[in-house]
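So, here's a batch of structures to check.
In the two complexes that follow, subunit A is the common piece, with subunit B as its partner first and subunit C second.
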Partner chain A sequence: MEKQRKQEQQPSRVRSFLTGDTFKALLPLIGFVVIILVMNIMTEGRILQPKKLRLLLSQIYYPTIVATGVFFIMTLGSIDFTEGSTLGVASIVVSALSFTSIPLAILGGILTGAAIGAINGFFHVKFKLQSFIVTICTMYLFRGVCAYFTTETAVPASKAIRAMDQDWLKITITLAVLLIAWFLFRFTRIGNDVKAVGSGETAARFSGVRTDRVKFLAFVAAGALTGLAAFVNVVKVGSITATAGNQLETQILITLVLGGLPITGGAKVRFSNVVVGTLMYAVLNSGLSILGYEPQVQQLIKGIVFLVFVALTIDRKALKVIK
Partner chain B sequence: MSEYVLEMSGVCKSFPGVKALDHVQLKLKPGKVHALMGENGAGKSTLMKCMFGIYKMDEGQIKIDGQPVTISDPMDALHKGIAMVHQELQPIPARTVGENIFLGRYPMKKVLGCIPVVDHKKMYDDTADLLKRVRMSFDPKQKVGELSVSQMQSVEIAKAVSANCRVLILDEPTSSLTSNEVEALFRIIEDLKAENVAVVYISHKMDEILRISDEVTIMRDGRYIGTWEANELTTEKIITQMVGRELTNLYPPRENVPGEVVFEVKDFTSINPRSFRNVNFQLRKGEILGVGGLVGAQRTELMEGLFGIRSHTSGQIFYKGKEIKISRPKDAIDQGIAMLTEDRRGSGIMGVLSVADNISISSLNRYLDHGYFINGKKVEKLVQDNVQKMNIKTPSSKTQIKSLSGGNQQKVLVGRWLANDPDVLILDEPTRGIDVGAKYEIYTIIADLAKEGKSIIMISSEMSELIGMSDRIMVMCDGRVTGFVNGRDATQENIMAYATQFE
Partner chain C sequence: MEQKHLLVAEHIDKRFGITHAVNDVSLTIDAGEIRGLIGENGSGKSTFCQMLCGIYTIGGGTFTLDGQELHIRNQVEANRAGISIIVQEMGTLSGLTVAENIYLGHEEPFMHMGIKDTRAMNRSAQKLLDEYGFGRIRAGQMIDQYNFEDRKLVEIVKATYMKPKILVIDETTTALSQNGRLELYKIMDAVRADGRSVIFISHDLGEVLSRTDTVSVLRDGEYIDTVRTKDVSEDDLKRLMVGREIGNAYYRTDYGEPISSEVVLSVQDVSVPGEIEGITFDLHRGEILGFGGLSECGMHEVGKAIFGASWDRTGKVSLADGTEINDIPTAIKHSVAYTSKDRDNESIIVNESIRNNIVLPSLEDLALQGLLYGGKLNRFADKHAKDMQIKMQSVNQFVSDLSGGNKQKVVLARWIGKGSDILVLDSPTRGIDVKVKQAIYALMDEMRKNGKSMIMISEEIPELLGMSDRIFVMKDGKISGEFMRSPQLSEEDLIAKMV
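== the complex of A and B ==
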């Protein structure tokens, strides 16, 4: 009898651990260690060589900047699928303006991103459409804009802007974005309002938070950050083709989910999700390249990892409330 | 043959950190209504979930007709003749009454001797019979979404009856019913009694318990206190047993003295023609104005209109002699008006955020350095002040608010509004879903606030609370203010007379 009861409880205990909060909180760290170990063993230590490490880091600058903006949107409980096409359109603007003046190009990129964010935010807030729906529509739309300008030939950037492709600059920009965002999220009214909306929009509104404005501004800010990321992207690649930023939105989602952020978002997120996530994605990505997998196979493996992490980190109670 | 249709004895159930049930017993006689009472958190629902197979007991025994049984899941419970109507009904609104009742166990027939299909005719005929048994006359093919709450509940009961149950659990069945609908429910319960069904009736409403039940079992803090014949009990006796101490006064003495008018509403009308209209009232400094009425009287809607949550077409609000415009909650808050909403979980607390975050959200601008940076020390001081003043029980200021009890959550929310030092507080059902002990504490807080000169508008659906706490009572019916009653002269009868003045 006693034995039988134990056997009955065993699977449920494993299950409750796998869906429990402690495990979810530890998952990113466990995953990080596992991915580094596995990749290190599989590549026989090649992934941690200084040269490879530099290559590894060079892949994560602009995705980190974009992920930081999306992090705020997901804290609201919303989601954004426009990063890729925003990056594409903003990169075209940056490249075109780079012949006139570099500061103007940076500003142009940020404003383009902010404008697309404003369109998303406007439809989300004013028409009370789910961000999921709005940003899928606008993703499609701006992908079209991007294609329109790049069908004939790629859009080249000026030599001056390509000469800026230096690690210190990209590291500085990325770190600055992370630090400022962390500070805003953790210590200011802005962060508090975003978390309040993510935790209970009605309660936040009844408590005097201007929820519509918070949501709108979060989309504008995320767009602006993607615009800034476009500058970093142009500096690196030098000319913009129709595929610029292709599937970036999925990459960002994988990144954040790898970092332990539940796909449903909400106020349970932690800022460390962004940092851990980008590092994990970079290790996974370069590990797979070093191992010599074809891009198709890489995508397949990443897809499986994504699915597993979504299933493990998802907040089942929040399933009905993706905004 | 046993005297009891179902016996539970020595039931223990622990959750991480709490012993929810500690050697509890419950014995049900056929054809009797057995009320199960206790404060929130006393373990009533946990016990019922053990009986219905939703939870597994750690220890204890269930006997049916004197024979020990194990109940592994709700399906098993249904097969053994136990049915439960949950507090929160979960019908499928887009499907018909018949489909809802026979969900998952449709009567089948075979076409051409081999293809199984649903036998719709039998299903709807059976549904019609069942509805007759629960004294309902609507069409079995009607969509459930078109029914009223009480009709939906009847459907749920019909569903329970259709399983030929011998034990029926009703968890707070009257919480959203009008008094006529309660009468209808009681008639159904009488019918079931006559059919020898044992009914477990969970409710907080004393008058109902004393009227409908034959036996009463009282629980406190997960322990079994005792079982009595209902006719031996009085409201006072039940409360004493539930709380575990004598409650001499249900309401604190009040020393507030209403002063000059601070808040006045003139001809306030909603954009929704079926909601509040032509509302006029005045509120004095240090006054507690109760707002009474039936469900659907638009009391909450009116208050939400005044607080800028709902829109109005016409009307004026005067505050301290000046007209003010309110188009969103922030405007009202900036003027010094606060509103504690009725739905604590939906529009009050921000569940996953900490006690500190929840208490500071409305007054955050007061704790900012240089206009931007939140000063953690100031917020912590706010939390500690409130914890002391209102006796809030929380492990720390970083604790997620959803892990506190209802009463403590409510105190945090009161603290949220007091942090803004408002002069007018709108309290919408401030003690709903809060246990008797914490209720008294909330009443004391309200009385103290009025004494300090704050003006209070309190919506309440509990008559005794309304009469016990208010200086004046404004009664609404169907969107209109139908009358005012002085707190001293108020009786259930004169309030109800105004509350039922339909046009």
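== the complex of A and C ==
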């Protein structure tokens, strides 16, 4: 009898570990190590060569900046699909202004992004529309704006701005964004407020959190950061075509989920999700290209990895529709 | 003649993580018996029954029904085996009709080649409703058109029409009015007369004593004893549940203390469309002001309106220094606290740690030059959690793991931590066991003596009579009566103004 009962409990213990909190907390790190190992073995060590590493790093600057902003939105339990089109529109603004003055171009990019974020936030908060509905609509809208300015020819940027394409500058900007965001998330009310809204919006409101303001500002901040990322993007690519920032939104979503951010947001969010996620995505991405897979196959593999991660990290206790 | 054992539970066990919710419980229930199952919050009575009904998987041990060992994986299988449950929370599904709810999971008789015969199902459901005497509920209507009580009645039909051998009633009566309760009691008696059995879970010991044949007591997940109802008193049951003597010092015992003349909060002509109208009163220093009435009388909205949480309030809520309260952050900043009747949604963030729940309203006070340090927050949360004697492993534990009583302690800990002077307590002891109730009353009395003022909104009349310095009774959104604290004041006096 005793023995039988113990045997029955055995498989459930494995399962309870797989669905348990400890495992979920460790999953991003385990995944990171596994992905690096697998990619390293499959590419026979090529991925860790200095030249490849530099290439790998050069791909992650602007997505990291964007992901940092979206991190706050997803902590709220909301979602944003406009990063790609925002990056496109803001890049056009940056390029056009780069002929007048570089600081003006940077400012213009940030303001454009913030304005788009404000539109998203306004409709989400004032009209109580779910964020994914709002941002899917605005994604189409601003994709259209982007296409309108780039159909005839690509929008070129000035030589001066292209001359700024240097690693130290991009590293400095990216690290500064990460550090400031980490500091705000960890040591000020901002982090507590966004997490509280993500875990339970009504209760947060009754605890004195100005929930509408927090949500609106998160969208504005995410837009502004995407605008800043547009500058880094223009510096790198030099001219803007209709496909600028295409599918960036899904890339960011995958990045954050790979980093272990529960798609429901809330209490279990960690800032490390951003860093781990961007690195994992970069390793996965460049590993797949080094291996010479077709882009379609790459997309397929990323989709599968994404699904597996969502299934493993989602907080089923907090399960609800994404706001 | 020996009684026939209908249900035998042997060594039933269940763990949730490190919490041992049900610990090796064995008991037997005879045919034709109404068995009360009582215990404090978190004693494991609901978990035990939910394993029997297939809602939770059985952690260990066996249930044997009528000599057959049960292997149940879900509620539909439980129903087929002859076990059904009426749950504590809402058990009907919105978006379906009454008939669809009643036959949920048992649609086969109405299916013809994969197509549902809606009319036959409605006819059959209506027949059931008429038989139960609930003919005013129409089978073809959407369930959403009916109020909470009517939906509970639909649930009762759903759980009993197939004549289960064991009917589990989990804290259902708190959701029902007197009439609804009488209907339920009739059904319980009918089940017994038929040689079948009822497991009846309730916090209302008076009800348990008058309605059951035997009572089993659980404490901290363990089986304590089963007694014959007619041999015991309410105090005996309390002692078994708590494991020690509960004194008479349940409510306040003082009478005739004058209320301070110092007004701390003034409410003038406050209205919320469709909810409350022209509410005007003053709250004094050190006063416990009770608000009573029927559930829909608007008293719950009064609490929200004072806290600045109503959407479209008119009128004026002001403090002694003239500060007007129109939104929640202002209320909290000026020492007003609120605990909601809807604890899990409005009072507390369930999917958060105890720590973060306790510190949330006090973040501004805890910040040094706008910066928050983890160690300081931990110490703050830890101190107030321990002062409230919250049963927990650490403050990092999630609130979702706690029982109702402990959740309420977290809610109170955060406002005591905040140092609020005016507390609006809506149904502070709702769904909470005797021991925690006693602790909350003692805390209220202590706060009162320290000059804190409280508004206690409650559906429990004894609690209002026992704790309040002054009581307002509400009816149809307006204040319909005012009573001063007095030993002569009776339940009937208040009820007369409620209906």
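What we mean here is this: the second predicted complex is superposed on the first by the 311 of 323 C-alpha atoms of A that agree within 3 Å, B and C clash if a C-alpha of one lies under 4 Å from a C-alpha of the other, contacts with A are read in each partner's own complex, and residues count from 1 in each chain.
Please note the rule applied: contacts are C-beta pairs under 8 Å (C-beta built on N, C-alpha and C of every residue); 3 or more make two chains touch, one makes a residue touch a chain.
As the structure is a computational prediction, the values presented were derived from the model and not from experiment.
Look at subunit A after the overlay: subunit B and subunit C clash there. Residue contacts after overlaying the shared chain place A:243 against neither subunit B nor subunit C. Residue contacts after overlaying the shared chain place A:58 against neither subunit B nor subunit C.
Once the two structures are superposed, subunit B and subunit C can be ranked by residues of subunit A touched, with C on top.
In the superposition on chain A, A:298 makes contact with neither subunit B nor subunit C.
When the two complexes are overlaid on their common chain A, residue A:206 makes contact with subunit B and with subunit C alike. Residues common to the contacts of subunit A with subunit B and with subunit C across the two structures: 187-189, 192, 195-196, 199-200, 202-210, 266-267.
Residues of subunit A that touch subunit C in their complex: 5, 8-9, 187-189, 192, 195-196, 199-200, 202-210, 266-267, 315, 317-318. Put simply, subunit A touches subunit B in their complex at residues 187-189, 192, 195-196, 199-200, 202-210, 266-268. The part of subunit C that touches subunit A in the complex is made up of residues 60, 307, 309, 328-329, 331-333, 338, 340, 345-353, 356-357, 359-361, 363-364, 367, 370-373, 398, 400, 414.
By the touch rule above, subunit B contacts subunit A in their complex via residues 307, 309, 328-330, 333-334, 339, 341, 346-353, 357, 361-362, 364-365, 368, 372-374, 416.
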